[in-house]
């Protein structure tokens, strides 16, 4: 049985050969340890306060993502992807959906690409805020954490207004997104970014030049570029080691090739560099979102421009049922607000044209038999979207690095195999290398800078 | 290098090892025999033409039920089987899961389908190309060389494949379970492992329960 | 026993109940996604400290309420059980998020289908993850429960754990 | 490719003395402290009500505004005659990734409706609020727009919503009396237990 | 034989066959509504349009006979365009009923629409209203709005059931399928019209609204309603107990078998599955009190051994076994091996039953599925003692033990005698699926699996051996009979090495002549005939 | 007899005052951090409908802790385990005895020093008590039989011992200047003015010592940035195995130490109960104005001045606690041994040199000032 704190075992593991009779101490850190985010266990062998060896035990949050994915249909996987890297669920959504779209061989409208970029970057912001905030908190700077979470709340308000949920968004769909951006999103976004920038400035003042913080972060948890590459580390962690690899630049997807941004890289590959890279990436993310909002093709924000006639959904359903098509044709349904943003006029700009993949707009479902049949065909077990037999790998830049989805289809309506390449898995595998030689206390900032997310690590 | 050129170069370089290849949806893929894997990997990492410095991913697929999913009870009312819905058209269809040469193949019979395929995803940062390498394995001999000597990151990935699929990696120093626990019996991502077959460590009364 | 004494003890109990409900030292057993909302609940926008529950203690000995936040896997279950056993009486358990309430949609080999299969639960806060408002409502309900118990020292016998509803012919899990 | 190398400025001797940076840090936090103190005091006096002192929403007294699209507790929409709009097509039950919806359907006397649910349960203890049920409903029968956030419960059973609570979101457990006027599988005493 | 090219592939097809049949052979599926291989060709739905080279107009595949050198394109743009137009027309007045229609999920309108449908509908008019939800018979509900007038049901009642209830009335967009006045769709095969209806116009009243078809799992089996042994698929749901009050089986559909039942089955078999989920024995009982299988097996074998020992000293067999032709061949064989051969019991599988309704098509008078098998194993037929004599012997005290498989003895003796039996016998075992009077009187009541829940074979009236398969596991505590028998054999140290029905069947095939050479693989899904009829006669004679 | 009664009253006064202050301190800390973090903070506990901005929360905390189960882990040393928190609180409490919180006043011909115990080597006493307080911590770490607790205890011991040295040396300068170890005298000595208008507080003459003292004293309190022994996210702390009121006592000791350090800082460097330009007869401003005050008012002003200064220090400590990250162990040690210790020593040397240079040793430096 894995041992947890408080650990009642007596100091053990004598280094018998040591003539001085000093004994190494085995310390079980985790799995229920505040700095271990609850779900990993590090068995550290300590010489005094110095870590001489570390054994990392993961899997405490293994939830069978890959197995569950084999039991649901292609869209059914999306809620599970939300919970992979639950700090940046939208990036997971986007990555998974784009992988399946690649498998299907379909494309999505330009506006949809931009929307995905925007939500991805907002998610990246929330992730970095949480990561930096949490590692600051673990170093005792509690207020910074609260400030960062406060900023995250403002960003989550954005996420909520777009997706209808704060965290587990289930926003993307295979072949598009659930809904267009809401009205007034750009202004709301500007306001939230203003708050975020203020918080970042404050946090910067509290941490970046503070010697206590710098001493804790600088020079600890170092890894060289070669080692990082060998471990398959990607993302901010790799960039902090000076390797400018960013999927958004190197293998651009969605509309990243049309957006300008810098890839920050560090020089030494220590915790402080990772902190700096993340802080800079947040600025870049905001820059990307602002550009994307400016450049994205305009979408109709309002109800049907042709008729301007809106009908309550229930009315449409009732009329459709009795075959009174003239009464409801060309009308725009007033649906549940949670479906806001997916009305028929908006549908063309957020969803692929391939009807065998994406649910029809509600107006079609309520108002004509063709739409209704399409709707049913996509939902019923054994029907649904059926990619051809094949396998694809598609990677996006997750908050922690390359987030790849390897999807195998056997031509059925459920994925045959969904494999996610979790970025922090690679980083975690390098953890023993990162911490050996450092002090016990350095475990905390190093671990914080890894931004280990259990959902993604253990899946 | 684009996918076709990469496959071409590899096929020329390793004519014996590369059993088949495809570039489905632009993903360069080669299927190699497990004997050749380590040499190939070494060359992939070291050769100036490839420079695959990243082992992005290492996983496996259990192809044992591929295309054999029991059909649902959509009774075709006409009395004749009706396909539920068309797959999307595919211009360049995928050649199908890799096959492993078995004993029968020597006698001229077609190679049997591989139960397991170990899938490596390589990426070259300097050259920006990706490559998928697949190593088909038979069920009763699911073992392949470890690439931990070339990429440190393979350590955990191989452990995970062992844990989830029961594929052994020859030369791996510490091949033990990683996501599940030592007491776990079986390999959950195998297709014959029922999705909700639980092996609890403690029972409702708080006592350790036996694992059957 | 005189009426007065009863009155005094009952007032005393009430006071103890009052104190306990406004002084909730929590042990956050945070494992997964719900942890993000747990953070949000604790932080400025919701500020769980307003209810006197702002002080997380990372030692189970000092905690009053075990917040089980996030999926508990079979691998984690013994740890949770042990933490619970280590807590000092009186103790309460909050099951935070559907994974801890019932196992949620991770109905597979790896996860525990609800922590109430191994430890008694006082408050279920469903949601995936629960919005902070859900949590605060749950906390208010927990406070009401604590006040209602108002017994000094011991907690009432845990409720019988819900049986899994298995129809006779269903595949036995 | 735009790569921005973050070259580190070493700490100056002045900064290495701890104190200056501590002071500048204190400046940030103290500014917050004083501003909030000032605003709180002003609020006590009824002044400056338009400026928030703390970002905290004092739930439950002061609910935080929810986004229009926010997915909260479910409800079933109701026809004018008090029956549910749901026709028991079971698409929501089908699509639900958590399998938290259970529906039992029966014949409706009106052949234009044909079918309706005699039982419609949602187990909130399992629901993951993905909103798929709303998205796939072809009848606009299920919605997640109630804004109800009070879902915590004392038992597993209490998290299960049945047709009474779903059709009338204002109902709260425990329910004692059935007010539905159509045949349904009723678990309440006093209701029609027919189906 | 004409040779034609379909989608670039060559095929020889017999004279007079149609393109749709030729394509079928190539595995090319051409959509169809009115065409049904078991019915005459109507050619009125027009969905099977194909492009034939050198022919300016699209042809219907179902009624175009093959010709040498014909070049056919089944999925060319032109053909699809034509079908799309047909589908648009068919859908013009189709009601928005998918949510309430039981057919959705197996509806050909949905399927074909998704493959080549017109996605942007142009129909903007008022839809025609017709009658909905009209019960046309005890089992079938008609919805005229959904009907696409393919006339399959009309042809079925004309050609197969030959009862002629259905007709198409009125013209144009008012045309509708209906019963002839005064008629009622109550022929014994009426359920088949639901199967053949390509849309949701005819639905099954029993199945209606119980579940959605996409919830159903399907398992192939053989109907046990009569000796015909129609091949069927049983459709069941295990993971949604709230549907249909927890019953697993939701419906039974015929499975195509050209040698037994073609595409059809009778209503008696189709709706006669209720006993599988209702009124089942679920617990082992000893004198009415709950017990466990371990106790039962141990107790029964103990008693059998003791009776056996006593029997050595006494005279004549003191053990009677009334087997049943509801049991599979494997179980009957095990009964023979254990009771007749090893324990020297008096065993029979023939139980007197009144002959039921029969006709010349599918319905047989013998309402048990395996009489022929029991005869082949010689547990029924002229040589076997009748059940009545065994019971009479028991009543008169000439037996110590009696084992009844599933039968209710009250059809042979009065209940008072049964009570008397219960008191006088040393061992009285009842094993069966459902509760009855005998079960209530027995010493040991063993719940056993229904035919759907166990693997095994039946032999139908024509001597065809067919697998019943194993659709799902036995209900709660019940066990398959072969399992129980093997356990008892193990306890009795009979040295059987078999562990599964398949192994028992191998032994059976090796030792019982009519089964010689058969294996489960050879039987497959479609069954195989007993080796010779003569061998049966021989087996009966010995 | 009456003296004894007076002392008793004073002791009780200090005892309850300090305990209440500690309770108030927790409230203050919660509220202050809330304000810093744009939160509201605890505010819902109410008695008879009164919420008083959450003032009842500390009360609830203490009642709850009293009624919580007390766990002694298996394998732990029962006696030491119980003794440890008592040690902590006891030594923290008795230290207050030497802190003067007001000037002496005359009551019925008696001179009453507003100090529980007038000890002429009060500073030594305080240091002794502080050092003994370490035992509570190390005993807690040792008796719990838990690796984390042990680590915490070790850290705490090393940290407190190291910093005590810097602390002690920092004060030497003050002692040298004021020439006394009696705190009451020390405070009184700070009542003078330099150049006629600068109050001769420790901070003025010993600014470096003040910084060293403050840092070292913060470290003594084991609060952020020096909370390594109880750094929650690294090692839970030496009291990881304590529950109920025993844990509460550590908690209390923590706050007591904070208050104690605030008191010391006030006493040593901010003139204790002194109010600038206030003498026993009233205000005498440097520009010549005077404001005569009666003696009770004078004494009360002194007490108020002392309290305010202490509270300000507490606030400062908390502000620091919620602003800064924490040190690492080796950095902490380096700061103590390589930073504070040399500075303190140099400070002593410089002070000594200056005093020697001024050759005032014999005549008394204070005379020179005056």
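Each chain carries a letter (A, B, C, D, E and F) given by its place in the written order, and its residues are counted from 1.
We take it that a contact is a pair of C-beta atoms (placed from the backbone, for glycine too) under 8 Å apart; a residue touches a chain by one contact, two chains touch by 3 or more.
Given the structure is predicted, the values throughout are model-derived calculations rather than measurements.
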Please report the minimal path length, in steps, between subunit C and subunit F on the chain touch graph. 1
Walk from subunit B over to subunit C along touching chains and report the minimum step count. 1
Look at all chain centres (mean of CA atoms) and spot the one farthest from the centre of subunit C. E
Greatest separation from subunit A - chain, by CA centre: E
Report which of D-F and A-F is connected by more C-beta pairs in contact. A-F
Indicate the whole-number Å distance between the mean C-alpha point of subunit A and the mean C-alpha point of subunit D. 22
So what's the Cα centroid distance for subunit C and subunit E, whole Å? 52
Touching at least two other chains at once: which residues of subunit F meet that condition? 34, 36-40, 232-233, 236, 240-241, 322-324
List, in ascending order, every residue of subunit A touching at least 2 other chains. 1, 5-6, 34, 59, 62, 64, 67-68, 79-80, 143, 146, 150, 153, 168, 206, 210, 212, 321-322, 356, 366, 372, 375-377, 380-383, 458
Residues touching two or more other chains, restricted to subunit D: which are they? 22, 25, 28-29, 54-56, 58, 91, 94, 97, 99, 112-113, 128-129, 138-139
Residue set of subunit C touching subunit A in the complex reads 28-33, 35-37, 39-40, 43-45, 56, 58-61, 69-71, 73, 75-76, 78-80, 82-83, 86, 105-106, 108-111, 128-129, 131
Which bits of subunit F are touching subunit A when the two form their complex? 33, 36-39, 73-75, 144-151, 224-225, 227-228, 231-236, 240-241, 322-331
Tell me, which parts of subunit D touch subunit C in their complex? 54-60, 63-64, 97-99, 123-129, 149-159
Could you pull out which subunit A residues touch subunit C in their complex? 1-2, 4-6, 31-34, 37-39, 59-64, 67-68, 79-80, 82-83, 86-87, 130, 134, 145-146, 149-150, 152-153, 156, 166-168, 454-455, 458
Subunit A residues touching subunit D - in the complex, by the definition given at the top: 72, 75-76, 78-80, 143, 150, 153, 157, 160-165, 168, 170, 178-179, 182, 202, 205-206, 209-212, 214, 242, 244, 249, 260-268, 272-273, 276-277, 280, 313-314, 316-317, 321-322, 333, 335-341, 359, 362, 365-366, 372, 375-376, 379-381
